[in-house]
Amino acid sequence: MPLKSLTSKVYTTLITVLLIGLAWQILSMLLETTAFPPPWEALQSFGELFFSELMPHLQVSLYRVGISLMVAALLGIPLGLFLGKNKRADAWSAPFLYLTFPVPKVVFLPIFLILLGIGDVSKIVMITLIVFYQIVVTTRDAARNVQHEYVLSVESLRASTLELYRHVYFPACLPSILTSLKLGLGTAMAILFLVETYATQEGIGYFIMNSWSSLAYDKMFAGIIAMGLMGFLIYLLLDTCEKFFCSWVNP
Amino acid sequence: MKNYLTIESLNVVYAQNGQLTPALKDVSLTLPQGQIGAIIGPSGCGKSTLLNVVAGLNKNYQGKVLLKGAPPQANNEVALILQEYGLLPWKTVWDNVRLGLQIKGIAGTQAAQRTEEILKQLGLLHLRKRFPIQLSGGQRQRVAIARSMVLHPELLLMDEPFSSLDALTREEMQDLVLKVWQETGLTILIITHNIEEAVFLGQKIFVMSPCPGIITQEINNPLAGDYEARGKMEFLEVCNALRLSLRGRCQACL
Amino acid sequence: ANPGDSQAGDTLTIGSMTIEENLPVLVAQQNGYFAEQNLEVKLLTFQSPVELQSAFQTGQLDGMITDIMIAALLKSSGEDLRVASIALGATPEEGRFAIIASPASTVKSVADLKGKSIGISNNSIIEYVTDKLLLAGGVNPGEVNKTTVAKLPLRVEMLLSNQIDAIVVPDPQISYVVSQGAKIIAEDSQGENLSQSVTIVGKKTLNEKQDALQRFYQAYTKGVQAINASPDQYKELLVKNVNIPESIAASYQVQHYSEPQLPEEKDVNKVLEWLQEKGLLKNPVDYESFVQSGLY
Amino acid sequence: MPLKSLTSKVYTTLITVLLIGLAWQILSMLLETTAFPPPWEALQSFGELFFSELMPHLQVSLYRVGISLMVAALLGIPLGLFLGKNKRADAWSAPFLYLTFPVPKVVFLPIFLILLGIGDVSKIVMITLIVFYQIVVTTRDAARNVQHEYVLSVESLRASTLELYRHVYFPACLPSILTSLKLGLGTAMAILFLVETYATQEGIGYFIMNSWSSLAYDKMFAGIIAMGLMGFLIYLLLDTCEKFFCSWVNP
Amino acid sequence: MKNYLTIESLNVVYAQNGQLTPALKDVSLTLPQGQIGAIIGPSGCGKSTLLNVVAGLNKNYQGKVLLKGAPPQANNEVALILQEYGLLPWKTVWDNVRLGLQIKGIAGTQAAQRTEEILKQLGLLHLRKRFPIQLSGGQRQRVAIARSMVLHPELLLMDEPFSSLDALTREEMQDLVLKVWQETGLTILIITHNIEEAVFLGQKIFVMSPCPGIITQEINNPLAGDYEARGKMEFLEVCNALRLSLRGRCQACL
């Protein structure tokens, strides 16, 4: 069974890759612009550059994204669960969230620079902050909607608040949390373009922007392929987590 | 005998969308330690509401509710079987049953042993790795029973615990509860719709009537717990009396 | 850092974008001229001017290479800084900017630009040069449709796909779009000297690291001399560190660099006037307190 | 009841605003940089500029964000529900989503410009695309987790597929969908900074970036306040929708 | 009389985490049009599984299942009361009950009238604006009954429909079902754990046994639907026979 599902997964992925390549080819032929090279050109640069250039950049970005996602999850999930459980705290924090959430965090860059310097810390904190908001909102909304029946059931066992979180709120919200991590991953990769444009010469975001600036579109798209692959791998990881930890949902 | 449970002029009102639904009005009852009380009454008369208050789940009540002289939330020795089972869909049968022990701080082999024992008694051991959604209705109900029995509580609150069981399994369960009661002397409050069950188990039978829920009658029933009595004339007479008492309910509300 | 601390003077952090202005610093780094001076220079690159100036403003940088406009804006917003030298543009030929028409457009001269759209980035040297070039060609800047496109590659791409009639860019983008069939309509390499990029330093650095700055400029001067002596030798360094499109890298010429010098007062005043007209200066800026002499 | 909850909402919001102001004041005093002006300066410019400058910019941005959110929702919700319901379609589309989702859509800007021009269309399509992905992923994950019991219940009434969507999948996923709209709103506002930097002199994103690049930090922060307010209002709208349409969740 | 329902050698196996659980084995039964069939059997023997197949909800079966000669999904005139009620939490009582009519394309005043009528008959009209979560267990069950009765189906499938109702309400519901059956001549298949109920309602009684589920006995019961018979000796005899037949179940599985 697992083997079969693995083969079929590989199969669909391959077909998808071929289809994407085909669409790409057609589009690049239609557009006839250097800004959108045909897929084989990008693939060729990808192959050439993978070990020499792309890998180190990917590693740096992976590190930044990985740390940020983890920190954001470690802070955001408990806070979200707390707010979703406690109507009072929620009512008090909601205006704060609602006022600050829509403000793009980019504008706080100067403050971050002063407080944290121009090194990796400010970059990681920036990604973390943005992903954190997404995780908090998703987790809170999920925790708000946890069926009261389950809470009562575990409360009747005289569970402490901590145990309620552990046995009810967390598992009940886990599917939503994993969704928010997936979204957070997408967001984090997008923010790479923001934070890897200052004071660094490393990272896949820098690589792509730099290739773009020097109008080296084949390199740029090689970077995009690498980015897609990196995201794909983290995604697979999250998906496996979902299969494993949420096997109770419509098993 | 000391009263384990004392309720005095309990009132519960549900508020929903600005509308108030009175669910219990001026309910008083006592249950001595080591006795079995049975609550019987028409659908929607507030039985589950009453049980939730006693279990400490509903803190939104007026009146006095005491378990061993303390408010319900303070009591650690209560176990409740919810009407809708209250199984956690993300835990297997085994984990659902073990959860209470885990929360009580009982772990390791002792917890595993007790869990295994109760599952065996209820004929569920072969289902231990399943999730609740993979069980039949009656199997779920038995898991809910196992979940509270495994705790060895001082007070066992049961909300229609055998409603989804076939007649035979039901009798087996009744016998099991009775056996445990005789062995450990715990106090039990059971809600049931089955008149025979109320008479077979309830030393004190509380008859409720709706709109809003009140206790209309309290019957002391010496036949309770007597296996022999089940078929006898006396037993049937009490059943009939109870049936009559139930018929006299308020018609206005339906 | 303490002013008396000898260690403190030994590191300078300079911010810049990936532009040709960086070459003397890069050469000085590569050839060890800074090391000779017992100096460590960190060149940090940024992809957009906003981030660069934020980093400078928040005290992360000792100095930065930027437009004279941004320097003046920073100065007038209360930032205590000085222009230490011209980075590029001491002569009109250096640091070329040009108005370029798209391959398919009918624009042949500046006069044809009336009513057409020009891609620029606003409040910057690009806009200043655009205004001046338009005026020189007899067109009032109000008569063209200035379209802001902050990102350089985007501006280039929009021109090449004929989304826009003309753009204003510096080198190496000029060479690139020309190689793709676009036409230069006007450029600032002749006549009046319009475009200057400058190196600025914060007052704090001036006070605490004056000695280091002097040594920096000695090394910098050696770098400039080395480049001018054999430009081709440093082409590879330029191509690697500055975004020169591959397709033109082979034919690309390393330009002439000037030794450090201060911008002339009249050039600075023209810029200040322009800023004043646009209402961008919060406080007046005067030449004397804007530049710093005596570093080289 | 509703009146009371309204007053308490206004009250908590006011307190929150005051607290944010206080934190801002303290931080700006500590940082001592022109890049972070004290709140009253920003407020003063906000007051001065509100009707003259900010309003028109806000209107333009609101239009762009509003249209994008709506289009993204109209396309993303049905697709998400469809993928969540159909395991087959999900298995086929998953690799595509996983490969393309993590690639920041910014890199496709040149292609968009070529295909759609530099006007509002390319801006709106860009925002739409990014928000669309988030809505699809969230809705799909929610639809996957709809309790099978409800589906069976309505299937037993011989409901058509369309009716299943209408009576089961859509209402069951509505809380998640509203969450994704909230997140999408935040994302859309962040992308304003990207799409309002080309070929426009309108929009709050342009206003803020323009103020920033001309170092008018008081104006910049006035713009940020306006942005926060605009987000806040859309948020309130979404929250009211949630109260109204999801009143069945733990009522 | 033509058979409304024909099942021949039905096999159902649940697959979960790679493990196979046989739930029904070689089950065959027929139910003539206009008759009431009752299924009785121990918990977990596959009764609900059988009903789900007949209702067309479980398409994953081997064997032949025909409703009026067509496969179950093709039949539009079936209504099912699920064991877990199957109420949609996001719809009010009114909307839950009306949903079936809406799906059948019946709208406007006719739908409203029918909905109101059935709610009145089941004593639920005053609860019409509530959500399921705001109801007591018995009230929810009655909403589930209303939801299928309002459809006026040709075949009514009921999975322990009265398990959460008190004895009195239960009898009222039985009477209501019987009345509707007499008036409209619909076919009914009911699962119950209550032996008296099976004998009172079931013209054909199917006794099931687990591991995996099979039909061990089929009893033709002429007493069904006779109000008078309820208390009589004959009635009690059939009940006892049924009880005995149920005792002989496979012990290996528990």
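Going by the order they are written in, the chains are A, B, C, D and E; count residues from 1 in each one.
Throughout what follows, contacts are C-beta pairs under 8 Å (C-beta built on N, C-alpha and C of every residue); 3 or more make two chains touch, one makes a residue touch a chain.
Worth saying up front: this structure is predicted, and the values here are computed from it rather than measured.
Novice: In the chain contact graph, what is the shortest path length, in steps, from chain A to chain C?
Specialist: Steps on the shortest route: 1.
Novice: Moving only to chains each one touches, count the minimum steps from chain C until you reach chain E.
Specialist: Minimum step count, chain C to chain E: 2.
Novice: Mind naming the chain pair that shares the most C-beta pairs in contact?
Specialist: A-D
Novice: Using C-alpha centres only, name the chain that sits farthest from chain B.
Specialist: C
Novice: Using the average of all C-alpha atoms in each chain as its centre, how far is it in Å between chain C and chain D?
Specialist: 38
Novice: Report, in whole Å, the distance between the mean C-alpha point of chain B and the mean C-alpha point of chain C.
Specialist: Once rounded, the distance between the two centres reads 82 Å.
Novice: Go ahead and note the Å separation of the Cα centroids belonging to chain A and chain E.
Specialist: Distance between chain centres: 49 Å.
Novice: Need the CA-centroid distance for the pair chain A / chain D, whole Å please.
Specialist: Result: the chain centres lie 17 Å from each other.
Novice: On chain D, where are the residues touching two or more other chains?
Specialist: Only 33, 35, 110, 114, 148, 212, 246-247, 249-251 qualify.
Novice: Specify, in ascending order, the residues of chain E that touch 2 or more different other chains.
Specialist: Residues 16, 84, 133-134.
Novice: Residues of chain C touching 2+ other chains?
Specialist: Chain C, residues with two or more chain partners: 54, 57-59, 153, 157, 161.
Novice: Would you mind writing out the residues of chain D in touch with chain A in their complex?
Specialist: By the definition above, chain D touches chain A via 8-9, 12-13, 16-17, 19-20, 27, 31, 33, 35-36, 91-92, 94-96, 98-107, 110-111, 114-115, 130, 133-134, 137-138, 141-142, 144-145, 147-148, 175-176, 178-179, 182-183, 185-187, 189-190, 192-193, 208, 212, 220, 224, 227-232, 234-236, 239, 246, 249-250.
Novice: Quick one: in the complex, what on chain E touches chain B?
Specialist: Where chain E meets chain B, its residues are 14, 16, 40-44, 47-48, 83-84, 123, 130, 134-139, 141-142, 160, 163-170, 193-195, 243, 246-247, 249, 253-254.
Novice: Would you mind writing out the residues of chain D in touch with chain C in their complex?
Specialist: 33-35, 109-110, 113-114, 117-118, 197-201, 206, 209-210, 212-217
Novice: For the complex, which residues does chain C have touching chain D?
Specialist: On the chain C side, the touching residues are 49-50, 53-54, 57-59, 73-74, 77-79, 119, 122-124, 147-151, 153-154, 157-158, 161, 163-164, 280, 282.
Novice: Would you pull the chain D residues touching chain E in the complex into a rising list?
Specialist: Contact set of chain D toward chain E: 149-150, 152-160, 163, 167-168, 171-172, 174, 246-251.
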